[in-house]
Structures are given as structure tokens and as C-alpha cells.
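In order of appearance the chains are A, B, C, D and E, and numbering begins at 1 in each one.
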Amino acid sequence: MVQASTMVQAPMKVQASAVEIRAVNKFYGPFHALKNINLSIPPGKVTCLIGPSGSGKSTLLRCINFLEEYDDGAVLIDGKQIGYDAPGRKMTAKKLREMRRSIGMVFQQFNLWPHMTAQENVAEGLIRVRGLPKAEAMERAAGALAKVGLSDRMGNYPSRLSGGQQQRVAIARAVAMEPKLMLFDEPTSALDPELVGEVLNVMKALASEGMTMVVVTHEMGFAAHVADQVAFLEKGELVGVDEPSRILHHPEDPRIQGFLRTYHERNSF
Amino acid sequence: MVQASTMVQAPMKVQASAVEIRAVNKFYGPFHALKNINLSIPPGKVTCLIGPSGSGKSTLLRCINFLEEYDDGAVLIDGKQIGYDAPGRKMTAKKLREMRRSIGMVFQQFNLWPHMTAQENVAEGLIRVRGLPKAEAMERAAGALAKVGLSDRMGNYPSRLSGGQQQRVAIARAVAMEPKLMLFDEPTSALDPELVGEVLNVMKALASEGMTMVVVTHEMGFAAHVADQVAFLEKGELVGVDEPSRILHHPEDPRIQGFLRTYHERNSF
Amino acid sequence: ADQLADIKAAGKIVTATDMHYAPFDMLKNGTYEGMTKDLFDGVAKELGVEPVYQDIPWTAELPGLEVKKFDIVIAPVTITPERLDRYTFTLPIADATVSLVKAAGNKDIGKPEDIKGKTVGVQQGTAQFKQLQAYGDKLGGVTVKEYGTTDEAYADLAAGRLDAVAGSLPNLTYLVKERGETFALLEPASFGEPTYFAWVLRKGDESASFAKAIDDALLKMTDDGQIKAIQEKWLGTYTELPREVPGQK
Amino acid sequence: MDLSIFVTYWPILVRGFGMTVFCWILGTAFGMALGLAIALCQRYAPAPFRWLLQIYIEIIRGTPFLVQLFVLYYGGPLIGLRLDALPAGLLGLTIYGSPYFAEIFRSAFRAVPNGQIEAARAIGMAEPTIIRRILLPVGLVSALPALVNFSIILTKETVILSIITVPELMYQTQRMSTETFRYLEANLVLALFFWFFVEVISRIGRRFERRITHYLIERP
Amino acid sequence: MFSISTFTDGFGPLLWAARYTLLVSGLGIALGLVLGAVICIMGMSKSRPARVFAALWVSYLRGVPMLVQLLVVFFLLPVIGIDVPAIVAAVGTTAVVASAYISEIWRGAINALPKGQAEAAVAIGMAPGDVWRRVILPQAVALSLPALINELILLVKASSLVSVVGIMEITRASQAQAGTTFRPLEAYLAAACIYLAINLCLAAIGRYLEHRMAI
């Protein structure tokens, strides 16, 4: 985060990761949540996942870092399948951990640790996973929180932060880890327009430095301006993947047309 | 909700409530969260609260139904102060409860009851507070959930619903109680554009039937189209209150100008 | 009020005993039996009232007696000078002189003197404990180990941590009768001062006539041979008992 | 009420206090550690091992401490296990307490919202770190009162050590009362000592609880 | 050596005695759960007297050994003219002691509940009774089930203490057997088997509820 921001001159050298999703199926009991999803996420690019509520966006995102076990198919990160060594044989916890260290995630419900202050939340991963000394980690955490405008709330516990502040802590926590692949689940849902702009700037900066990003979003503006490709999910199916300009402005599928219809009229005022 | 929707013919007769906020101050320890707020919310009108993250919008909303005790000032609902019988003398729990029965609230974090299904979440208040028989309450709950497009997820526990689905259950739960005054805290934050449209329609219908509404939102489109007045908060201060067209298009205060700047460019694509 | 008159009026005597001290008090398949019961049945018949038997753990018996939860404690209580200060005792009902058991296979000890230098278990706070200590001092060096109840002492003897256990002769006789393969008595069985078991009443004028009535009944049963029959039934032998309370001033 | 007996008996009573406190501290510490280990195995170990642990838990939890101790101390020598009273007592307390502590920890772990653990896993935090940094501190909020509860119950269970001749407080007060017939005084000593001891434990518990729950905001 | 026949013969009278164990612990637990909820609510209430009362209640009942409490009820109350039948003393003491422990277990569970859920109930004007009954306690119970079952199992075993007031329950019956046969190991093991059977039922109920309440 520190180096990743626009405000810092030297661009970080991230080795971006590529993600390959192959014929992934996921059931919740009888409910078919992901239906044979095939999707290539190119390295160093921004892929946006859009789609109606309940269409499986979060589920798909969670399959990428293997928080959700899929029933079928494979997710490959830089050519290596996550979660399995061979078909049907789970990888060791250590190897999985190793792979996850280069993947960051911002959760839809934030999932902050309630017993740590904002700053400790951000520093925790740096200390325990990246092995930084505590003082340095706390300093970096302070820097990361400053970038999202939370310098004065660093000592607050999550329960004493507003919704938008919690979301920003969650973003700072993920970005501070400097992952090669970043998974964002609606990272701006609780933010006001001004902050949305700022956070999107941070994300743009990360994108321009070549970090691979997968972003679930309802912000069509972000999809349009930043995404390299947009994937549209509906009822667990991948309905379309294309460049943002095409999918957002001239969608072929009527489902996408319907989805976007109300958006334009509401947001032009 | 059932009668309140656009899809039902006979408009509900709601006796709308008026809210009067007088010189309210709120401290969290040393932190001054609300600074001498004065605001009149006319009956049967829609008032939008906008402002940066952490500016005190949720806090102010929670003061209206006395979930948050303010340190100073008064909140009057239909001329009657909520929380106090006389200055410094708390009202009885029973009276407070009585007043709260006509106030609905949708929380920023939804606050669904995790041990009840979606349908039970909605029915619970109808049974315990409105005293409906269980069968009828469940039926009404089903109706309310159908309106927000959740007919097929009624039996799910909140933990098995997507973010947007949870938010819609929270909306249905509040609206089903048919309150005279409704407090919405970012009711569309987790919704996709299409659903945002639908939920806003439900809210417009409620508004047109004369329910008083206070809506914290980051959806400037909603504020522009539906609100009768928009209040802008910043750092706990009420910076401006005005008609939406004026405050959103020709804001005088530079803080409001700054706040809205990025919004237009991002959302026009 | 006079206790005896109250009892006669009510038609019953409420007793308390700890029903696990063979052969005096035993519960066999849920029914109370034993030497105490036979004796007290006889006494109650003499008094012309119904006995009510209650099983109360030893720790609660004397406190319960003091707050009048029962009329009499019929658990066999060894008469000692200290206890005589605080309670009224009836006439002795059995010999309580201290005796010793050892493990059946133990050839090292045969007579009581052999416990010199050995470890001997005994129930905490009993008259037998005092006698054992005195005897040990006389011999010069016996390690005395105290247990909450005799059960544990016997169990530890069987487990091999003890060389012998001291207890009252009737109890040990019964033990050896039941578990002859594990335990054996030292010979001669008794040593030390002769002591006796008796029943306990509250002190004071109220109980005086009640105590007298019980004593009279016991004397009558001694004279007509009932007590001899009962002793032979449960202990196998008959020991003549004093006709007044030993040590009573 | 006759307080003069304390003139004679206070030394053994004080020794009894000391022994009770000593047994309690070690028994609780070891029992808690073993319980935590069991709870963690139940969370992470493979199924057959978990079933074995479950059987252990149910058997130890389901039978009285008195019997366990009796079997261990008096039955043990029959199969060649010969322990002295104090080690047997401490071992007994440890074993007896472990399943209760295990269940309390298990319920503590269940109370931790899954999202918080996922957030730690997602950044590649190692499982032992997750246990130490997330699972325990968050879980303890709900479990601490139950842990204190059971530790308090263990103080009372130490009196059962008297049956294997560990000279703890019960053993000593019983000795005092059987020698003097001062049952009221003996019970008073027991009551006051335990009340004091338990009060100290619950205060420490409360203080610790305040420390680990300081991030919670008050409920309305 | 180990006498199988003593062990097996023991079961008849022990099972018969078990009815008192079940009666005392069953009633004690049922009343204790209700009282425990009341004490827990008082302890967390806004009213200071209620909180102080709950604190004293918990302090006394957890602090003073149950044996002593029984002796107080059974032997001390008569001194001031209140005579309690043994079974009432036993059930009553079990219940109040249980309530102290149970209330603490629930307090912990309630602490761990996100407070927003109670707020959501309060905000629609739900009465406090309903908030507790419908929103807080069900979740607290679900969350604390393992600890609660722990406590109930302890109570079943602790009911052996009521023998001091002359109630012939399992432990007492086994002691009687030990005293007659001089085979305590066998008698106690038989008693342990019966306790185990009762407690396995409790544990099974706990597991079942845990499974059902899991969300």
C-alpha cells in the first residue's frame, strides 16, 4: 500500500499473477451456486465481476483463494492449482498458506478482527505472515491507514468505527500485504461518493503498477473506467465476458441490458 | 410493505410523523460526533442525509429512535420528546417502546437475527410487536420478501444469504411493520444497480403514500429524484439543508462541492 | 417438655444411623438390617413405640441430633470422656476395643506387637485412632495413617500401602468373615483399654427420662437373653457388657 | 460457637488451606492445558482420533471424581500402578478437569465468527497463529465466565482428595470436628475459606474479563 | 480380587436409588435454568440494586460449598424455626446453586453476541421479555451449549451431596454397599456406570440440540 499509492513516486515491482478458472461448479446442498464457470484472468489486469445480487459473485471470488471448496473443476493461479496437489488430493495446509500469501482479499462484510484496533488489524498480517518487526509493521499500518484517510481513527476498535471507516480498514489491511493478486468484494459499498473516488484512485494506481485485480462491484463507473475486462454473472452462470466498453454500452445479452437499464437514468441528474 | 408497494392498488393510510431535532450534541468519550444539530423533518416527506464517511450520519439516525443517547438537545417526534419525559428524566421503558413501535429502521450492518430464517426474521416483529397470529405473520412476511425478490430464499438463514439478499431481508423486515416514520441507513449499499432501482421504487411508493422517511445514502441519484430535502453532514456538523436540486446542482458550500465533484465524472460513462 | 412423653405421644422414635458399618448397620438390597436394628427393634418394643430408621451420613448425625432432627443416634458411637461431656450415652451395646487386621498373605506380622515400625491405617478421629496412637507410642514407632472412613483404609490395605488397619473388633470380625481371602485378624484380637459402643442422645433434663427408659430396656433384654442371641447372631460370640455407662460421672 | 479450638487447630488448618490452594492451582493449570489440547485436536485431528477423544470426554465427564480417584489410587496397585497420594491427587484432578475444559474451549471456538478466521486464512496466516491471535482471544469472551465457573467447581472437588489421604482443608477440618465435635465451627471454616478463595478467583476472572472485552461496546 | 458378582449385584439397589438422583438433579436443573436466566438478566440490567443482588447471589452460591449450604438449610434453619423437609431442601439447594453457575455461563455467551441484533429488536419496540426470550437467550443457549451441558452433568453428580440430609441417592447407596461387602471398588464402579448412563443421555441431548441449533 505504501508504495502502491499514487502519492509515492517509485512504482512497486509486482510480479502479477494470472488466474485460470476451469469448469468450476459449486453446490450449496441442492442449490447450484456456480454453473460450470470458465474464466481467464490475465496478469496485471483488472477484471470486474458484475451481476445481480445472489448471482454467485462472492462465491466465485472465494473459490479463487480456496476459502470456498468447489465441487468440480479447477482454479489455477500462475498455472498451479490452488487447494489440490492432484485431482482429488488436497494440498497440505502449508502449501495452501504459501499460495495464499500472495493473494489479498477484501471481504464484503469486512471481517475485521474485533479485538484489535484499526492499526493492529492492518499490522497483524505484516507481523505474523510477512515477519516484519512489530514497530515497523505498526508504522506501515499507520501509513496504509493514512492513505485511506483514517489517520485519526487508527486507535479505534472496529466496533467504534463507522461503516465506511471499517471498510477502509479492510482495504488497507489487504493492500498493506502487497499481494500479487487482489480480490475485492464490493470494496466501496459503504463509502461516500468522495471516498469512492479516492479508493478507486488507489485501486487504479495498483492496477497501473501491474497488480492483478478481481473486483466484484456495483460501481459501473469503476468497471467502465478501470477494468480491462468485465464478466457478468447471473444465477451462477457466466453470461458474458468482454471489454468494458462493449459489455456496458452495447451488451448483446438481454439480461445484461436489463441489468444496466435503470442505472443510467438514476445516476444522471 | 404489502400495502405499501406500488404493485398493490389501495394506498395505505399512514399518519406520517414529523421529527424535530433540536441542538443535539453527542460525544463518544472526547470525540464530538454530533455538533449542535438542528433539523426539521416534515411529515410525509423524504429527507436524505448525505455526507462523508464518519461524518455522523448513522449516529444522527440512531439518535432519532433513541438507540443512541445524545448528551444534549432534544429529538421530538410529533412534538413529543423521545427518551425523556422531562429534561433529565428518562421516560419509562414502556413509553419508549410505545414510541418506537411507529418507527422503522434498516441498519447499515443489517443486524438480522442469525437463528431465524429470512421469513422468520420478517415475521418476528409482526408477531411480537404487532400481535399478529403466527400464520398471518408468516404469510405477510412471505409477501414482503416476494416484493424484494426473495421468494425462493425465504427459508435460508442469514448466514446462507448473499450480502445483497441480507440487505433486502433487512428492508423487508422494517417495511413489513408499516411504521409511520422510517429510518434507512444506506439501504442499497450491497445491492446491484438493477435491485437498487427496484428498492428505490419501493421507497418511492412508500414516500408517495406519505410515510416520513429519513434516508442515509450515498446514492445521489436517489437523493436527486426522490428526496424532498437533503441534509449534508460533515465532521458532525450540519453544513447545509436544502431542496435536492439546489444542494446537489448548485451547492454553495465548498465542502459540498468537493464532495460531489468526483461523483458526476465517475457515473457518466 | 419431656422427650419420652413426646415420643410416647407421637408413637414413634425418629433415629439416625449411618447405614454402612457392618455388622451393626447395613443396607442389603435396599433393606436396613444389622445388629443395631435388631437391638433397637427390641428396645422400641419395650417402649411400645414404632422406630423410624433414617440413613444419615456420619458427618451429619451429631449436628442433626443437636437441632432435634432426630431423637437418637443409633449408630454405634464409642464412649469417650470428651464425648461424655457433650452428649448423653446409653448403656453399651457392643465391645469397641481396638483390634488389628492385616493382609491375609502377610506372614511378617502375627501379633499386635509386630506392628512396630510398620504403617497402620485407621479412621480419622475415632476412639480407635486414639488407642492405636497410645499403643504405638508404647511400642515405640508406628506410623499411623488416617482415613476418612474405614472403607478407604481397608482398600489401601488391600492395595498394599498399609501393613495393618486398626478398627473395632466387631467390624473387623465381620470384615474377615466377608473377605477372608484378603484380610486376616491379628491374634490376640484386642489390645489396649476395653471400650464400648453406645447410642447417643442430647444432653439435658429433657432427655433424662428417655435415656433411662432405653437403659432399662437394654438391661431387661440382657437379662432375658435377647442380647446374647442378637450378639451371637451377628458376631458369633457373646461378650458380657457393663451394666452402667463406663466413665459416666 | 467455641472459637477456642482454633487456638489448637490453626496450624493444621493453615496447612490444609495451603494444600488445597496448591492442589487447585496445579490441577486447574494442567487440566486447562490438557483440555485446550483436546479441544484443538477435536478441531483439527482426523475423524477416528476425534471419536476417541469424544469417548474419553464422555467417560471422564460422566463419572464422579470420587470414583475416578478411588480407582486410580486404590485400584491402581492391582494393575501395578502405585502412586503416592499427592501425585495421584494431582493426576486425578488434571484428568478429571480436562474434558470439562475441553468442552468449554470447544464452545468458545464455535462462538468465533467464521469470517474472522477466513480473513486470517486468506492472508496465509499459519493455523497456530490463528489459534493464538484470533481464535483464543475472541473465543475467550464467551468462555471466560464458564472457565472461571469450572475452576471454582474444581476448588470444591479438591475436598475429595481427602479420601486418598491428601491432607487438604477438608481432611483437616474433619479431623478437627471428629476430635472436638465442633461441627458448626468446622463447617464455618470450610464455608469462609471457600467463599474467600472463590471470591478471589472470581475477582481475578472479572478483571481478566474486563481486559479482554474492553473492545466491546455496551449494549443498549 | 475384583468381584464381578458384587459389581453386578449392586445394580438393583443403585438403580432404585437413582430415582432420587434423577428427581433432585432433574428438578434442580429445570428450576436452575429458569432461575439462572433471571439472575443473568438481573446481573446485566441497568438497575443497580438488581445487579448487586445478582452479584451477591452468585458470590454466595458459588463461594460456599454446596454441602455447607445444605447443612445450613437443613440444620440451621430449624434453629430459627423454619423446618424444611429433606427433599425440598435438596431440590431447592441444587436449584439455587445451579442458577449461580448457569447465569455466569450465559453472561459469557451474551457478551459474545453482536449487539446489533438486540438493537434491531429494541428498535421495533419489542418488549424486553421478548428481546431476551426470542433474540438473546436462544443464541446464548446455542452458543453456550457445551458449557451448559458440562454444568448439568456436574449437577447430576453433585446431587450426591444431598445424602447428608438423609436422601438415599446413588452415591450413598454405593457407600452402603461398600460398607456391607467391604468391596468399595466394585460398588463405586457400579455407581459410576449408572452416573455414566445418565450423563451420556445428557451429553446426547446436548449434541442433538447443538446440531439442531447450529446455523
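Descriptive notes on the structure:
Going forward, a residue touches a chain if its C-beta (ideal position, glycine included) is under 8 Å from a C-beta of that chain, and two chains touch if they have at least 3 such contacts.
Keep in mind that what you see is a predicted model, and the values were worked out from it rather than measured.
Think of each touching pair as a link: the shortest run of links from chain C to chain D has 1 of them. Contacts with chain A and chain D are shared by no chain at all. Chain centres were defined as the mean of their Cα atoms; on that basis the chain farthest from chain A turns out to be C.
Of the two chain pairs considered here, B-E and D-E, the higher C-beta contact count falls to D-E.
Centroid distances built from C-alpha atoms place C farthest away from chain B. Put simply, the C-alpha centre of chain A and that of chain C have 83 angstrom between them.
Taking each chain's centre as the average of its CA atoms, chain A and chain B sit 29 Å apart.
Note: centroid distance chain C to chain E, computed from Cα atoms, is 37 Å.
Centre-to-centre spacing of chain B and chain D amounts to 50 Å, using the average Cα coordinate of each chain.
Shown for chain A are the residues in touch with two or more other chains, namely 109, 160. Contact with two or more other chains is made by residues 59, 63, 152, 155 of chain C. Multi-chain contact residues, meaning those touching two or more other chains, occur in chain E at positions 71, 119, 122, 184-185. If you check each pair of chains against the touch rule, the ones that pass are A-B, A-D, B-E, C-D, C-E, D-E. Of all residues in chain D, those touching chain C in their complex are 70, 73-78, 82, 162-165, 171, 174-175, 177-181, 183-184.
Residues 65, 67, 93-94, 97-105, 107, 109, 111-115, 124-125, 128-129, 157-160, 173-174, 177 of chain A are the ones that touch chain D when the two sit in their complex. Of all the residues in chain E, the ones that touch chain C in their complex are 12-13, 16-17, 71, 74-76, 78-79, 163-166, 168, 172-173, 175-185.
Of all residues in chain B, only 28, 50-54, 57-58, 108-109, 153, 160-165, 168, 186, 189-197, 200, 218-222, 224-225, 248-249, 258-263, 266-269 touch chain A in the complex they form. For chain E in complex with chain B, the residues that touch the partner chain are 114, 116-117, 119-128, 130, 134-135, 138-139, 142, 213, 215.
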